[in-house]
Every structure is written in C-alpha cells, then in structure tokens.
C-alpha cells in the first residue's frame, strides 16, 4: 500500500514534468523565473490553499461546493468593513464571516444530517446571493492589508507563496501525522465503526467546515489584494477548480483514501497547465473546457481503477452473510 | 397433503471463513406448513435466501414444482411461484401499498397506441387478495406509515399477486403482538387450505406446534432431522436443535470471583430495553442469552454510551456513574466489542496497528504527532500476545481471516486496558479452530483480573465459558442461572416462553 | 388509514396556502403586480421554469441531481440561434432544442451511470465543458435574429394575449402528470430513488432507469431552452446561467426529497409558481433584483431543512427503526 501511494505521487510528478517540458519547448518565455513565480505560482495560491482543507473534507466523504462563494463573501464584507471602519475592522470581519459561513455549513451537515452536496450547493447560492445583494452587483476594493497580502515580496517570493508553503506543510502533517488526520480517514472509510471507536464524528465534521471557512477567509485577502477589486461572481467555478485539484491528486471522491502530497503536486500541475495555456495564447474559454475535462478524466481514471481493484478482491460485499440466524 | 412442490437436495453454501450450509435436504408438499427450526446461526435464513436467489448455492439442486431451477434474484423466484417474506420487509418505504404490490409486474391496458397502467384492474386484484386474506389496508397508504404487521400483510398480499404456490416466512412473528400473530396464523391456515405450501422458519416452539405439519431441524448448517409434528414433542426438538455434542472443550479457567464491580438498576432505553437489573462481580464471565431481538445488543450499546436517551442507575465500583458517550465508557474502563466486525467493529481498509490505536490515539503520540513506532510496537505486542496471524502490524485487516479479524477486534478493546470487556457474539462467523483460540484468550483474560460480559446466541459457548447467565426476553431480564444449574434446555425454555400478553399490555 | 391520506395532502396543501399568502401579500404591497402585462410575463417565466423543473424533479426522484442545466440551456439557446439565423421556423427550433438537450443530458447520465461518478460532481464538471465550449464557439453573441426566430416570444399569442409558451407548459404538465401516474417507467423512478438495492433485487435495471430519466429531462430542458432563447433578437453565451438553481428550488420547494424516492409533480407545479411570482414580485416590491439569488438560495435551504426536520420527527415516532439491528 505504501509503495503504491509513493509510486502514484511519482506518476503525478512525472505528468507534471512532462507538461512543464512540453510547454517550455513551445514557449521559451515560460521558463523565465519571473513568469514561473509571478504568473504560474502566484495565480494558483488561492486554489491551492483552499484545496488543503477540501482534501480533508473529501477524505471524510464530504464535499464543500460553497468555497468560492465563501471566499468572495469574506472579501466583500471585509472590504466594505475596511472602507467604513478601517483595516482592523476589515480583517476582523473577513475572518468572522469565514468562520460563520463554515459553521453554518458544518451545523446543517452534522446536526440536521442533510447531505454535504445539497447543503453546500444551497449555501453556495446563498452566500453568492448575499454578496450580490449587498454590493448591488458592484465592486468592492482592496484595502491596505489585502493589497499587502496580494502584492508583497518577501525574500524574493510573493508573500502568498510563503503562506501557502507554510500551510501546505501544516496540512501534510495534520493529515498524515496527527490523531485528527487519522480520524478523518476512519470517518471516510467507515463512519459507524469510527463512531463505535469513540470518534466524535459530528464534532470533527463541524471543525472541518469551520476550518475550510477560515482558509477561505485567508484566501480572500490574497484574492482581493491580487485583483484589487472583486465582484459577487468572481468566485464562480472556484469550487470546481479546487475539487479538480483534490481529485487529480488522488483523493477518492467517495472518501476514505487520499494523500495531501498528491494534492500539492496536482496544484502544481493545474498551475502549469493554466499558465502554460495562457503563455501559448490559448483563450480563457479553452482553459475552462480543459479544467472540466481534466476533472472528468481524473474521475473516470479513478473509477476504472477502483472497479478493477474491487474485481480483483473477488466477491462483492453484498454476498457476505448479513445475519445468519 | 399433496405432491411435492419444493425439493432441496444437498445444498451447500460457504461464505469466506464459514461453511454456512453443509448439504441440506428438504422437501415441501402442497397444502402443508413445514417448519425449519434451529438455533440462531444454524443457517435457517441462509438456506431460504439460497432458495430465493439472494445467494447462489455452491452445490446442490433446487426443484420447484418438479422442475430444476436456479434463480438469479427474488423476482425470478416470484415468477416461478416462490415467494419469501423476509424478517426485514423489502418494501419501498415512500411508495403506496398498491405500487409496492405490483412493482415490476404491473397490470397494464391499451389506451390507443399506448400501454398504460390499469389501476382499476390492479385495485380489483389487490382487493381480491385482501378479501382472501380478510385484511383491510388502504391501498393508497404509504408504506412507511404502516405498522410492522400491516407491512407483513402487504408482503403476503404481494406474494399472492404473483400467483405464488410456495410462501416462505422468515421468523414472521418476531415483531408482532399476540393479536397480530393470531391474524397471521388464520391467514396461513387459509393459504394452506387453498393448497399452497408454506415454509415456516422459527424457533418458537409453541408456534411450531400450533401451526405446522412437519418440522425439519438444522444445526450448524447441517441437516439433523425431519419429523411429523404429531409424532414429536418439544423436548425432542430442543434436543435436536441443541445437539449432544461430545468433545466440546471450553478452556474455562478457575478464577477468584471478587466483589460486585457493576450494578445496573431499572435500566431503560426507549423501544429497546426496559427495567433491566443485573450485577457483575469482579473476575467473572457473565453471559447474556436470548433470542434475536431480545434486547441484549441494545442493552450493551446503551450501557457503553451509544444510546442517546437511556435512563437508569449504573453503579461502578460503588460509585454511580453517568455514561453519556463511548469516550465516557472507555474512561470508566468499559469497552464494547461489536458483533458486526465489518460494519461497527473494525476499519477493514486500515492496518492492524491503526485499528488497535484508533480509540485512544492520544496515547500514541510523541509531542503532537502520532508516533508510528509506538503504533507499530503495540501492533507487534498484540500480534504476539493474542496470536493474530498477520505478517506485520501494517498489514490490512481486510486480508485477514474472520477469526484473525476478531482477534484484532479484541486487541483493539484490550489495548484500552479495560476493567469490563463486553463481547457481543465473539465467535460469530469464525471457524472452529479460531473459535477455541478465542475462548482460550477470553479465559486467560479473566486470569489477568479482567471482568467479561459475553453476549452470545450459541448456548454451548455460554454454558462452557460463563459463571452466570442472564436470559433476556422482550427487552428485559427473564431469569438468571448459575453455572452449576444452567442447561441448554432450561435456558431455551425460558427464552422461548411466551410473554406476549405482557407485551400486549405494554403497548 | 384515512389519517395517512390526510398526511399526504398536507405538503401540497401547505404549499397552496403559502402561495395564496404570497399572492395576497403581493396584491396589497406590490403596485402593478396584477396588471395584465405582468401576469402574462409571469406566465412566460413560469412556463420555462416549470417545464425544466418537471425534468429536474424526475432526476431528483431517482436520488440524483443535475447542476449543469443552466449551461445546458445556454448551449441549446446558441444552437437554435445559429439555425434560427438561417431562417429555421419554430417547429425546427423546438425539435433541434429537444434533441440537443437529450444528447447533452445523456452525456451527463453516461458519467453517472456507467462510471459511477456522483451526479453532482459529474454535472459540475460538464457545466464547465458546456459553458467553455460555448465561449469557444461563439464570439460574444449571435444577434440580429429574424422575426421567424422570435415568433414564440412576440407573435405566438393565444386569443391575442396568452403566451403560447404557457400553452406548451400546460400540455407538457398534463402529459407529465399522466406519465407519472400511468406509466410503468414512473414506478421504476420511484423504486430506484427509494432504494437502488431493493430495486435491483426486484429486477429493475437501475442504470437504464437513471439514464432514460436524464434523457427525458434533457428533452424538457430543451423545450425550456427554446422559450428562454427566443425571447429576443440577441442570444448570448450565458442565457441559461444560474437557471439550474431556480429549477432545483422549485423542485425542493414542491416537497420532493433531495434524497430521492418521494415527491410529486403537483408539488413542483405549485413550487414553480411560487418562485415565478416571487422573482417577478421582487421588482414590484422595490427590492433590487440583486437579491434574487439570495432569496432563492434561502428558499432551497429552508425547504430542505424543514423537510429534514419533518423526517427526523417521523423517525422518532417509530421505535426500533433508528437503532442498531438486533442480533
């Protein structure tokens, strides 16, 4: 099993290298450090950041479709608060909105037992609608803290890349080396057995969605700073991009298995693909299609792999005696 | 009694690790009610599921109305005249009675070029069937709003809409009141008079003598006997069910039984158990016997904090304790090992070590991180102590045999260092050798000062291992036997005794 | 037993009461809401919402969902605009739209049934593909469409006033009501939504049922696409964006469980009318249309919560159901 995981990440790395080399061969500007840092890496940070908690959520068998709307709502309320009461208020409001949105998702999912998909689909519309209604479909502008998060360089790299790197390390450790991470796998593999082992499934689920809201809030600073203004619909399809990264990284869409390092490599692949398509002057629309296609191919590949695996395992589950009396 | 309409010859069915049926013969004539009885786990339900195409048989011949058949699914069986009425009904909860009765074999009519459902005809046929059964159920009612007895009537009616001439009832009275049972028996007699053949699976003696013509006993998946009901009696049947096993060796150790460790008073969990009182002494193995549905598992789950609304007094080592969730139970040293390993007990897709450490991950950390070395070590420790046949602690549980999986399940509990270990059907689904190994482990544990509660449906196991045995019935404790006085016959007769009038009054 | 029937009626009954309250409220507070023009415009909106919501209802009844409907309708709009520009008449447009809808919906169903990808994820991905391909194929919009193209929106009036789209909607609704009552297929839809495992044991081909349901729904999305797409002389690439949310809201509001297996077309008929009225009312109440998304999101969430709480209550009243199985 260990060996398999290792080789899977290796395959991902090879895919990344192949794409990278191919694009570099076609467009030499691609290789400029400035392009790599300021276009390829800088543009993926928000997606990469949110993919971290999303990996955790998908491993438990859940899903958060509302991430894009949450991020924009944080930026909208934070930006408005900053404009009215100053930077401090902006930062505080952004964080609070992220936590509140995550808590709403978590409570509905864990307590009312409504499916993750339906809950976050509804809140996705709800949060986006709130941004739209509140801003009257207008723009919200960056304030000094957000601009700083989006445009500062530290030791030669944009600050958001540092933030992402730190978060990435934290999440790898969290998933693969802590009790919390182990419990996530346990929930995804068999949530009743996890409950019977004393794992507080409800509490962990709520924690995860709140954590996701918090990371969305963090990402919203960077996003607002980078674009200097946002509109309510700026987050459209953000959820899909994040899910694509997670699924491409080898996390099973039905939960129970996954690897944070895979998510990191997948982030790199998507970053390369996006910036590569840009440098090759391929229109944004193609990138959208590519995005959807990559997600579907990843899903199909894993579906086929799983089918092959369960066939090898022999008898289907239903053939086991449930109660022999 | 007419000609033979259902004949089974040498039916063999094995599941991974267990031989569920080892060559069963059976025959059913038209116009008779033929009982199949045996203890829990004897293979009664499995046999009927094989007949109906839920499981394919590994070996053997099924002859229905003179023709050899193998059914791929219950619908094919229905179409050939064999209907089964499961313990758990297989009706579609959100659909109406009428839709359920005719699903996948609706009556249609032509309306111009279209084929449309003929509700009038279906209604007519349903009413005919209901009239024949003398029941009155609204055809437009939604299944989920019906009671258990009514659902069963709908299942029977559905079987009759298929023109079935063989109906199999799998423990039909398990959740019925006496009045409902009477109604059911009236219907069974009616069907019998109409020349149908009925297979009646049950282990309730008085029902078998009340309604059946012949009775076939199976034990441990083997055919034992077939007798005319007039020529047998309860004692003879119980003896057949229980068997006179020789050479059954239970390695019970002589332990010093100490003072009272746990006392449970007036314990109550709505819908499952009511007014349960029992005591547990240090160092003993306490058995809980009873029929399926008697409330043993539910009682243990409630005691371990898995029920939200349980009430009653629980005194542990002289102090009243309040166990709200499983973590509370573990903190008090009470640990539960589930009867259903795959569903509740283990994570089969995780390694042996990771299963063992899951309930108490905080104890396997170095700083804030999990220590794979500590996890590996405890895995190694239990692999050697409990004798799990796994190449390494990192081995996936799903690749182990049933017996070894059960050992992992027990290890997981032992690693918590419990005071009281609750074992629910500890040897279900494991083969004979692993069974005696597990018994040995249990026995050794008491030598180490552990106290054990053992829920089991296998009476020899309880008799061989336990110091005292409580018999549960209808959610409460019916009787307590001491090791010296307990026999299979005594326990069975307490467990089987009718207490329906009480149940009736309670409702 | 009479008791049960009463319980079944209540979902639709409450919806009707709610609808009546909404309509009275609007009569009092929304000036001009009951003008003939507005009512006709509501009927037009109602038509395309309900036609698609019927399709969405069938999909949700099987326990699946489709969030690509908005993008799918955008594709339909552009395809018919392209042939409309060449002078195609309404029947040709309608048939083309239905065929395109069926094909795209079958594409969705392929991933869901054959490859076992959760419906919501599969349709999210196809949303991208539909939307992206559109922008690739068309630069901005198709405009200056001929009068033959906009016939449905401007010329097709029954008695000179009632939009023909509404007539189509009534016909389709009646067919759908009959279909759900009198076809064998409809029983399979409910059975699959109740329990795929039991359905399989009953001999129902689950994959085939789900696939056909998507295809039927696709045809209905196509019809909606015609109404949406022929409303003006210009068709952009985002004609259908966000419509899926209105459809899902109508279905959920109509009492269909998102878990599948329970819900009726009649509920959707009322749910769609409530939504169509509210969308229109927002303007008349002086609320900015920018709040429309929020209101719809809130409606979905509240209806789902209410139905979940009702289920929880019902479950509690049956002891023994929620517990662990006896040994």
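A, B and C label the chains in the order they appear, each numbered from 1.
Methods note: contacts are C-beta pairs under 8 Å (C-beta built on N, C-alpha and C of every residue); 3 or more make two chains touch, one makes a residue touch a chain.
Computed from a predicted structure; not experimentally measured.
Peer 1: What is the chain whose Cα centroid lies farthest from the Cα centroid of chain A?
Peer 2: Here the answer is chain B, farthest from chain A.
Peer 1: Counting only C-beta pairs in contact, which chains form the busiest pair?
Peer 2: If you count contacting C-beta pairs, the leading pair is A-C.
Peer 1: Whole-Å distance, chain A centre to chain B centre, using C-alpha means?
Peer 2: 44
Peer 1: Would you mind pulling out the distance in Å between where the CA atoms of chain A average out and where those of chain C do?
Peer 2: Going by mean C-alpha positions, chain A sits 30 Å from chain C.
Peer 1: Can you list the residues of chain C that touch 2 or more other chains?
Peer 2: Touching at least two other chains: 327.
Peer 1: Among the residues of chain A, which are close enough to touch at least two other chains?
Peer 2: Correct list: 323.
Peer 1: If I count partner chains per residue in chain B, which residues reach a count of at least 2?
Peer 2: 40, 292, 306, 344, 457
Peer 1: Touching residues of chain C toward chain B in the complex: what are they?
Peer 2: Of all residues in chain C, those touching chain B are 1-5, 7-8, 181-184, 187-188, 190-191, 193-195, 198-204, 257, 261-262, 314, 319-320, 323-324, 326-327.
Peer 1: Provide the residue numbers of chain B that touch chain C in the complex, in ascending order.
Peer 2: Contacts found on chain B: 40, 54, 73-76, 90, 92-95, 99, 103-104, 106, 108, 111, 115-117, 119, 137-138, 140-142, 144-145, 175, 270-272, 292-298, 301, 306-307, 339, 344, 424-425, 455, 457.
Peer 1: Given the complex with chain C, which residues does chain A contribute to the contact?
Peer 2: On the chain A side, the touching residues are 63, 65, 108, 112-115, 117-119, 121-130, 132-133, 135-137, 232, 237, 239-240, 243-244, 247, 253-254, 283-293, 295-296, 299-300, 303-304, 307, 318, 323.
Peer 1: Across the complex, what residues on chain C touch chain A?
Peer 2: Residue positions touching the partner: 65, 67, 111, 115-118, 120-122, 124-129, 131-136, 197, 245, 248, 258-259, 288, 290-298, 300-301, 304-305, 308-309, 312, 325, 327.
Peer 1: Quick check on the complex: what are the chain A residues that touch chain B?
Peer 2: 1-2, 173, 177-179, 182-183, 185-186, 189-190, 192-200, 256-257, 313, 315, 319-321, 323-325
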